[in-house]
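Shared chain: chain A. Partners: chain B in the first complex, chain C in the second.
This part shows the complex of A and B:
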């Protein structure tokens, strides 16, 4: 069984602070991490590998630094890492990312399962999983908490609101793992160091994937940043009923 | 070019379409009405129509309310087996392929998470996901969306300038409540649903019992926290139960033996970022304030009016905590 996990490298949110008053982002340490929800997806894949035996292939797009994310994934236990990188891929949005991943998965051939995290920290959108499913013509499962495979099917427990449902889909399928569904393991420290010494991710560029510039037209463009309002001084209330009313108006309960 | 030539070309994308959802009570959800109201304002600026689509079964009474909120035409797909997202995706994509919209809006719900990215990929276009502000730039005729990134640390402003339709999913409170005009005129159009030979590749059964992994305190969405002046810890636990919140406390609560080391919030304990943080009888020294600096809405309950936390909290109540908690539990029922 071949399981593909699509991971994204994002800026470490602990490395920057946002000043709402000055409307600026101050980056103190420019460090990149594997998008935390994607780590849950990788963990789910590694558990499937341990339970049923599988080859776990990690795909990551991005500039040269995305190789570090693949090395971390390899240290966690992935079997293969493929780095999709090309000048043409720069600034990819969900549309292009899904096309890239779908092309790579087709090139890998005989993939049974593709796992993704439920959102990317740096865009906040959980679009790549269903988009990938559409690009491949596969079914998808959203917000999966536990995944199992049986002959020709993938079974998952998914959260819908506060309830849980048992879902099964025909393979091949895309399964979007809920963040917090599992506790991702840490890569063995020696393996992390060794990953730089004795292992290199495979590098695929646009020519390897057979993609031209016209296939990679980005749809969404960034128009700037906005900032949440500064915190206002609060109000002193007189009764508990008033508090409940306020909480309901603010939609916090 | 003759009229017949025009018939064969794909129609020009036009109008604003809203995928409305129906709540359990058989009426459009408030979010759907809000988005139809927002779409109405955009359409008035552009000079185009607002279409609403509802899918499900037993939808006779739904259209009128959507028209009142601003829809010019309501497409009703009323069929018994339209509950499954895959079936809805099929019906919706066929409908939209025949009449391509310029803008397609969803409420940011589970259904939108399933459908919007799939449709965006199918129509080769962009998706403005989870927008908390959305407006139509009429000079460019482009939809501009603002959505939170890095868990709401800041917002990014995005647009989809060339591909059509522009698809967006919209969070509640983006447009505000709609103006409901029950005398507004609109059309209702049934959608032919043909699901013969359609078998979803995904099947769903349940609900079932499943205990998800416990959420750690630092990721909790709601926290009720106790301090030295909390008085009755049992009431604090009860409030947490009613609010489905985590129980935590300031360092003093650990001294009282109410909580464990892992539940201490503050600079020497956990830093938390919940949507709601209720501090019961906590003074709010610097250490504690550091631990809750990222909390979205802080409620302070304390017997003394001058304590620091009452000054920095979003809402404060001065009084005897056990008494206030009892009243709170009463009014939350």
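This part shows the complex of A and C:
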């Protein structure tokens, strides 16, 4: 079985502080981590590898430092790591990211499953999973907590609101792993050391993927940015009668 | 000159920090109160490779060298002193003796299990009458056919009650005494004649099991001699030398944790209408702590570099241990002062850190011995031999 895990390297939130009044973000320590839901996705893939046998291939886009994320993934137990990097990929939005991943997955051929986390810590968009499935023409499963494979299918326990459902899809499929779905392993110190000494991620650029600038046009135009409005703390009511009285006074009812 | 850690060591630090902060830090209070580092935790640490960090991968180690080991000790030192002591006694001196001077055959026999944490090591040198005066040990090892019979007692042995393999020094030639007549042995605790006394009740480091050990006519095969017969004292001293560097790293971690906690408290605590961070007396304390820690950091990692580069490091190692233990004590004491009454309560961490840190100036060679070592090295450089 061939499992691809798409990971994103993001800024470690423990390294920056936010000043709401000044609407500024101060990066005190510039450190990068694997996006936590993607790490859960990698953990899910490694568990499938242990249970059913598989080759786990990790894909990551980003500048040179994304190599560290791939090395960490290899140290955790991934078999291959591929860095998708090119000047042309800069500023990629969800649509372009999905296109890059889909192209890479088609190039790898015979991939059974593509796993990724439900959203990135920085954008919080949560688009890549479904867009990837669309680009590949594969079914997709969202918010998966448990994943299993059996005879050509992938089965998952997914969360919808406060309920859990058992779903299944025919492989090949995209499975989007819910944040906190599992406790990702640490790996082993020897592999951490070796990930820099005897291993290197493979590097694929736009030419390797057969993509030209015209293929990589983003769909999103950034017009500005602002902090969300400050939420006022609510009022705690202790009875239905109090609520009714409040609504009456506000002429809602 | 590149003062940055190599990328693999930076990655190792991130890996270890995450493990220590997620798995060990939450258990610190429990470890102190119950006087036990849970087996579950040690198993997880073993799986992550924490029992064999510096040793070559060809023996099952993690291949991170002394640099990697100092990084481990610093990260552990930031969280819990008891776990640091268990791993430090095991790796830094227990296994290290065999790693430095054992035969290839001995290493292949013992190191894989020790590096994987399947077995725990200890270092047994000290006796009731031989602490700083290590050369006056009395334990005997009498040659008998192709074995040695060990008889005697050791005292204050960290990991003693739980060790599977111990590096032990005994006198093989009483006419020469320890210097020239002592031999180092790899002893298995499961052998007939070994017993551990009751665990010592200490001021701190409660999770680290320490006890007296008895070797009662214990037979050791000659294949288990570590280094050369008669030169065991040199082997032991060599091991202690390198062990000191990592103790410096552990105390660095403790001092760093104290600084960070003190600063967080200074940020939060408001008195006289402003937070403590805005008071000069606190600012001066924090600045002094940080300056000492920074100097210790440079010293420890440069010494680790000397070790890995195969260069002499005895003098610097002594300095690491001497300065590290004293700086950590000062920083933790300042942190206690900054936390005020809260620091004095058993609910916080400062109180435990304060009790745990005191031993650093005593074990692994007292700070007085470190000063003698440093002075000896210095005077030797100008042709003066100091009598031991």
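Here is the rule we go by: the second predicted complex is superposed on the first by the 224 of 253 C-alpha atoms of A that agree within 3 Å, B and C clash if a C-alpha of one lies under 4 Å from a C-alpha of the other, contacts with A are read in each partner's own complex, and residues count from 1 in each chain.
Everything that follows uses one rule, which is that a contact is a pair of C-beta atoms (placed from the backbone, for glycine too) under 8 Å apart; a residue touches a chain by one contact, two chains touch by 3 or more.
Quantities reported herein were computed from a predicted structural model and do not represent experimental measurements.
Student: Quick one: classify A:152 as touching chain B (first), chain C (second), both or neither.
Tutor: A:152 sits against neither chain B nor chain C.
Student: Determine, under the contact definition given at the top, whether A:186 touches first (chain B), second (chain C), both, or neither.
Tutor: second
Student: According to the stated criteria, A:25 is in contact with first (chain B), second (chain C), both, or neither; which is it?
Tutor: first
Student: According to the stated criteria, A:68 is in contact with first (chain B), second (chain C), both, or neither; which is it?
Tutor: A:68 contacts chain C only, not chain B.
Student: Is chain A touched at more residues by chain B or by chain C?
Tutor: Between chain B and chain C, B touches the greater number of residues in chain A.
Student: One more residue to check, A:252. First (chain B), second (chain C), both or neither?
Tutor: A:252 contacts chain B only, not chain C.
Student: Quick check on the output: what are the common chain A residues between the chain B footprint and the chain C footprint?
Tutor: No residue sits in both footprints.
Student: Quick one: in the complex, what on chain A touches chain B?
Tutor: 13, 18, 20, 25, 93-95, 98, 121-131, 133-135, 139-142, 145-146, 157-161, 163-170, 173, 180-183, 218-228, 231-241, 243-244, 246-247, 250-253
Student: List the residues on chain C that touch chain A in their complex, please.
Tutor: So the residues of chain C touching chain A come out as 6-8, 11-12, 14-16, 18-19, 47-50, 52-53, 57, 61-64, 68.
Student: For the complex, give me every residue of chain B touching chain A.
Tutor: 86, 110, 113-114, 116-118, 120-122, 124-130, 133, 144, 146-163, 172-173, 200-210, 212-213, 215, 219, 222, 243, 275-276, 296-300, 310-318, 324, 327-328, 330-332
Student: Which residues, counting only chain A, touch chain C once they are in their complex?
Tutor: Residue positions touching the partner: 31, 68, 71-72, 75, 186-190, 192-197.
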